[in-house]
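This is the structure I have questions about; it appears just below.
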Amino acid sequence: MNTLTLGKNLNIAYIGGGSRGWAWGLMSDLALEKNLSGTVKLYDLNYDAARQNEMIGNRLYDREDVVGKWKYQAVKTMEEALVDADFVIISILPGTFSEMLSDVHEPEKYGIYQSVGDTIGPGGLVRALRTIPIFVEIANQIKEFAPNAWVINYTNPMSLCVRTLYETFPEIKAIGCCHEVFGTQKLLATMVEEMLDIKNVSYKDIKVNVLGINHFTWIDVASYLGIDLFPLYKQFVDKYHETGFEGNEKGHWMNDHFSSAQRVKFDLFKKFGLIAAAGDRHLAEFMPASWYLQSPEKVKEWKFGLTKVQWRIDNKQELLEKGRRLAEGKEEFILHETGEEGIEMIKALLGLGDLVTNVNLPNRGQIEGLPFDAVVETNAIFRNNSIKPICAGKLPTPIENMVSLHIRNQETTLQAALSKDKSLAFQAFVQDPLVQISPDDAKELLDKMLYQTKDYLQGWNIKEEITVE
Amino acid sequence: MNTLTLGKNLNIAYIGGGSRGWAWGLMSDLALEKNLSGTVKLYDLNYDAARQNEMIGNRLYDREDVVGKWKYQAVKTMEEALVDADFVIISILPGTFSEMLSDVHEPEKYGIYQSVGDTIGPGGLVRALRTIPIFVEIANQIKEFAPNAWVINYTNPMSLCVRTLYETFPEIKAIGCCHEVFGTQKLLATMVEEMLDIKNVSYKDIKVNVLGINHFTWIDVASYLGIDLFPLYKQFVDKYHETGFEGNEKGHWMNDHFSSAQRVKFDLFKKFGLIAAAGDRHLAEFMPASWYLQSPEKVKEWKFGLTKVQWRIDNKQELLEKGRRLAEGKEEFILHETGEEGIEMIKALLGLGDLVTNVNLPNRGQIEGLPFDAVVETNAIFRNNSIKPICAGKLPTPIENMVSLHIRNQETTLQAALSKDKSLAFQAFVQDPLVQISPDDAKELLDKMLYQTKDYLQGWNIKEEITVE
Amino acid sequence: MNTLTLGKNLNIAYIGGGSRGWAWGLMSDLALEKNLSGTVKLYDLNYDAARQNEMIGNRLYDREDVVGKWKYQAVKTMEEALVDADFVIISILPGTFSEMLSDVHEPEKYGIYQSVGDTIGPGGLVRALRTIPIFVEIANQIKEFAPNAWVINYTNPMSLCVRTLYETFPEIKAIGCCHEVFGTQKLLATMVEEMLDIKNVSYKDIKVNVLGINHFTWIDVASYLGIDLFPLYKQFVDKYHETGFEGNEKGHWMNDHFSSAQRVKFDLFKKFGLIAAAGDRHLAEFMPASWYLQSPEKVKEWKFGLTKVQWRIDNKQELLEKGRRLAEGKEEFILHETGEEGIEMIKALLGLGDLVTNVNLPNRGQIEGLPFDAVVETNAIFRNNSIKPICAGKLPTPIENMVSLHIRNQETTLQAALSKDKSLAFQAFVQDPLVQISPDDAKELLDKMLYQTKDYLQGWNIKEEITVE
Amino acid sequence: MNTLTLGKNLNIAYIGGGSRGWAWGLMSDLALEKNLSGTVKLYDLNYDAARQNEMIGNRLYDREDVVGKWKYQAVKTMEEALVDADFVIISILPGTFSEMLSDVHEPEKYGIYQSVGDTIGPGGLVRALRTIPIFVEIANQIKEFAPNAWVINYTNPMSLCVRTLYETFPEIKAIGCCHEVFGTQKLLATMVEEMLDIKNVSYKDIKVNVLGINHFTWIDVASYLGIDLFPLYKQFVDKYHETGFEGNEKGHWMNDHFSSAQRVKFDLFKKFGLIAAAGDRHLAEFMPASWYLQSPEKVKEWKFGLTKVQWRIDNKQELLEKGRRLAEGKEEFILHETGEEGIEMIKALLGLGDLVTNVNLPNRGQIEGLPFDAVVETNAIFRNNSIKPICAGKLPTPIENMVSLHIRNQETTLQAALSKDKSLAFQAFVQDPLVQISPDDAKELLDKMLYQTKDYLQGWNIKEEITVE
């Protein structure tokens, strides 16, 4: 590689390349970035979906408003995608919506409500059990065919996906990439605009120190130019704690599953003193059931929503149709910046400018007081083929306690998945703060959920389900 | 000191020397040990109680069946007790039964049941808040007047008492001493007798590796002579899991608050694979409310008891009368071995034989995976003025998770007590697994409990209680 | 502080404000920086020198080419300098050239040659012993009068100065700042220009991962744009290993005490595989005497110089005269960028842009495998009132071994200084790799050196020196 | 296993079973221990030697004074020895005396003198390089054929042998066993007898806390009954520092290679304050050449000896002849207790009484401040199929520095051996404190030594030796 060809002729392997949302976002971001070009190889269990994306992507090549020129190529094996890859992007759906229906809604029969169900809680745990073997396979393929490639994962449960990659192939150069912290930076930017009457504050100018685990990340230092934002946030929280803050977010929590009025975030600040840096839907799941997710009514009071899987199913249907139209050229692909930082990361890794942003990486000391090797989220600096986490310090003991509980539960989940050990899975299950039911009920629920995701649990001793209604 | 006078002319300072149970037990043990002699200085906030014990103790001196000759002397200040002390024994009641009534029974109004209420849970936490300043004072006095003495603590909450001593005076030579593990060794001895048809198995021949924290200690290796006891325990648990095992314990769980049928212990083994090494009443408090302490009925099913404070009050009345009779010589002091190991420890520290037993000490590496400086319970070896913990290894991750949660909660409690910070106390309170109520209820309960122990919380900003019924 | 006044009306306390080199450099850098203004308070044991610098500094204020407007004010106590300080700069000479003469040249009588004598080796150790009490005093004053100020230290021995600040006042916001790594980045920039035939490569575009301790820092990743510089450096070293590389450095090693032909650096690369990132004069002192500093002849072969203290004395004389002329306006103060990063750091801490550069900070995990709290040198990111070290990874075991030896020796030196313990000082002295003499000779030499610096060792039990020739 | 058969029908695999000294010692110890019996399988590269030992051992069976009844059986493969083994004893000579000649005497040509040459120093390092592959093989065989057996190693270099076993097979149950600390306990016992006029003090009653690495072990607590031995040792050292202490050791340092007058040990106490717990011949090798091993004259002054390999060669000749006589029954095998603790360890592991003694084990926290996994020497407690190290605390920083240097050098040596990397071997070689020569000379010496041990360095890129005289 030399400076002249920097960023040219890149090879990107896209695992899950048949996806609608994420793949199209990547195409858009690549099309708008003039410094990069090359080939994206799309691999997906659903080859037809990858083929369709190949068509959609290649339609962009000749458009005048497209400054980043990329070829897209669907491939039939992961190996074909990985060979010669400079970068690997992983964005898959582990299982189908059928399993996700069980993840999210089966626990409701036991009074356990989950607003997302893909990270922790009963749903997150069972999703992890079926995802981990897939990531073992991916890691092994990367080890064989692209050991030097940089790997960017977007799949949830984020922490365990990245943890599995490193457990399987310790030398892997992988990170987990999530936009939840940006959302909090945007909230802080809006707050600065409102409280200080400043216009056009970019969230990128909100400098934060990030520490925690994915979707349960915390900010203990935040500033805008020379201004410490903590005193301001305190006023802001006092003002909006009861009513919530709708701001200028696109959706509204009453009709948009992804929106919230930030009341959970504000409440956590009042109770623990730091800024929780993820959406309320995610944050709520990390706390005991009696706090925010006790019942649908309680959720409504806290002004966020339970994301029904049926919505995802319906939404996918729309995307399928849109995909067909895009592939056939019947609908124009509209370019827009997604706000994801994948492309920025790739540029920084190529030597095209430094980048400081939050990522998920094994703990090598960046967070004091949390176990080594656990996948944690902090800022890191990306420069020329190197990513180094930034020492984020130590969480206050009470928050560290909550984070640490989830870390050890994730570690137990990993061991359960690798050894196909239901007893270990149970030991993690009952320690999840959303699971405040009796151990007997917990056992029954876990059994049902494992049964309903059994297609992805080869080798497990799954209890045959008789009682499913 | 030389070998001829080894064990002679010792000075023991007894903080809490007016106590009935513990002080009389010590007198008995000292009277039965021929290798030691000297003076015990009794210090107590209640000087009259110490004076009474002085009389009781000194009556023993001339008895023929007493082979250990000791003088007892009540003193009016802690300083008098500590000056020249070789050993310091701490066994106090922090506060009165009035505060303990609140600790144990106030939470019941919120559906939180505690079988002891002195270690963790709402009761343990509030008890800790009022105990910590007392132990700060004791540590400071020891630092000034007896910095080289060995300090043996029996007071609960054990972990936080010992933690406070080291936090205040890091060079202190203190240990926490608790008999709960012996109880489990006795159970295993009984098991060996029953299952292998061997007679007279001494619990001292049950060799165990101990790791955890006080009252939530675990055994991962147990043997008798060359026999691994784990397979045997598995059979034993299978046999008695449902019915419980009454064994030859003195009391019965239905009428003795301190007894149990070991069902909690057996259930923890089935669920987590290690032998929990404390009484069921203590173990139950470390687990989520929904496991064993959900309701008085549930407790009965699990065949252990909720120790009512009224029982303690009644019992104390009896002891007070007994004390008067003993002091006046109207009742004979009956010598018996208590089974506590304090005297054995003193002998070993003097060079009179090695001792290996379980104690509570700051973690200096004896348990891998738990925070440094947290007070943990493992075996240690006592030899000639030296106590060295034995490396106990690492707990399995799921158990480590539970232990770690309580350790960090205790650390938060310590910080709350030292800084008189109600917000920190709340952050620990709501993370206790017995507290599965809403944060609002938790706040209200904590406020009430703090108000009811306010005599011992000087300097705190206590909310005035209006609503107490 | 708000964004409008960002960087205005700053207060800088300059400890050692009578210095010639460093103080004038700061004046120059401040004068050239348009975004900052305020007052610099100059404190120096030599008040007259501070007064002179006040005059020199204030002469700049009205010059047209001066865009940064600063007032300078000499003060008589450290307290006056510190009160209200936003930043504290420490740049002092601990002791006088008389003590430095002993540090550097007394060991030569025992065959121990030092090229600088201010960091480690016999000279560095004894310098540390007299510097540490001074820094204890500075830290205590900062704790009392400017606890929230950012503190930038330039004084050597760097690691121990910063270590002492944190040992005395753990909450201090101090860093140690050293330009040696920049020198290596400049060498790499020159290398890129020569080997790749590229013009005007800025050393700031040489991105490096830095890890080690001050003056014994190592680079394990280096790149320029997308180019990995390690293969190139290997060729470069092969080319110049024997002859040395003079490059376009200002001085020449034969007549400039501060120059070298980089042969030590190249040799270390050949032997250990990483790029040593300090000047050869410093690097040589960290290695055994038999490597580079065995004799003046050997030093000449390796093409660097022994910095004679007499040169410093002569040079100071020149500076004194120059100072007089500048103060009286007889010589014009010439503005130039010093290349030091102090001003850049101040700007970044104020929120005026992020900065990534190497600094000396207590190890909080930024270097794996080295002791916590030891002062290590790595990159850190400066943003808005926050400095966070970047996780630099782990040194290869053989290099870690050398670094670790010096860290523990420095720790012993610190303890020796704090407890005024000659035996501890000796235990560090004999483990220094430059001290390959017999313990008896080492004892004699140390005694002599302590005697000769005795004015700064109040409370030590210094052996009266009879045998000084 | 049950209590009746405890200690009966054991299988011991003896790797190096053709050895004369160690094997005969084991036979003697086994013959004198009435509680154990079974079969010892003797495996040796030299099968004839094993056969001869088989004959010697089996002659004991019917002797009346032999209370421990064992069968001996020479086997042709390691597998045969290991299958069904309860215990594995490893006591081999890595290479032959020819390599040892080079290890010990080649460095003398460069002015480097070694008193033993089997632990560290040039000789220890090269011996390690050829030993490590042998121990990789042994560990792999144990993993395959006796994964649950307890493994006791006596071979040097002890630390690296044990380290290699764990590196290769992390679940191995291996310890390293060395009698050097006993020697120091015996010295202390003699001291007690002399200084306190007490008769018959057993070294087993000298209780010590042990910490360090094999042959460079330190004692920071020592007592006899209730008596702290440190003040006494100080007097003792003051008395004998100059003259040395001959005591009642069997040999004398002038004619016995294994004796010394303890002057090195005394000098280390005066300089570092702790009791060094190994023979002077071993201790001297860990210190810089300029301390004790500068020249044969210096060694004589310090009153210990350089063990010439020729002595070993001559001694072996005698042993060979003795072996023949023993096997043929021409000389009677004289039973004596060796003082090695292998048999005591085996008994304790079987459940026949607890044992506390010093052993070499990977650091799991037993020594604070030293790297995890490094093989360190501390006390451990042996009970019923379990060995747990005792937390020994932390070494004072200056001693920790010396120990740590050797640990990292050993780690580098291990990596060099595993990767057959001469450059790494060199990086360890030049950091050894005995190697105070120039790097060029060091390189030449290492090359020669590697050449002379090349039969055991398959796969290395050995420089062909032209210049060997």
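The first chain written gets the first letter, and so on, giving A, B, C and D; residue counts start at 1 in each chain.
In this text, a contact is a pair of C-beta atoms (placed from the backbone, for glycine too) under 8 Å apart; a residue touches a chain by one contact, two chains touch by 3 or more.
Chain labels with UniProt names: A, B, C, D = Alpha-galactosidase.
Every value quoted in this text rests on a predicted model; they were computed, and no experiment measured them.
Of all chains, C has its CA centroid at the greatest distance from the CA centroid of chain B (Alpha-galactosidase).
Put simply, the C-alpha centre of chain B (Alpha-galactosidase) and that of chain D (Alpha-galactosidase) have 44 angstrom between them. Per-chain CA centroids place chain A (Alpha-galactosidase) at a distance of 54 Å from chain D (Alpha-galactosidase). Among all residues of chain C (Alpha-galactosidase), none touch two or more other chains. Chain contacts here close into one cycle, and each chain has exactly two touching partners. Chain pairs recorded as touching, per the definition above, are A-B, A-C, B-D, C-D.
Interface of chain D (Alpha-galactosidase) with chain B (Alpha-galactosidase) (complex): residues 1-3, 6, 198, 207, 209, 221, 223-228, 350-352, 354, 356, 364-366, 368, 379, 381, 383-386, 388-393. Contact residues on chain D (Alpha-galactosidase) toward chain C (Alpha-galactosidase) in their complex (touch as defined above): 271-273, 288-291, 294, 369, 371, 397-398, 400-402, 404-405, 408-409, 411-412, 415, 423-424, 426-428, 430-431, 436-439.
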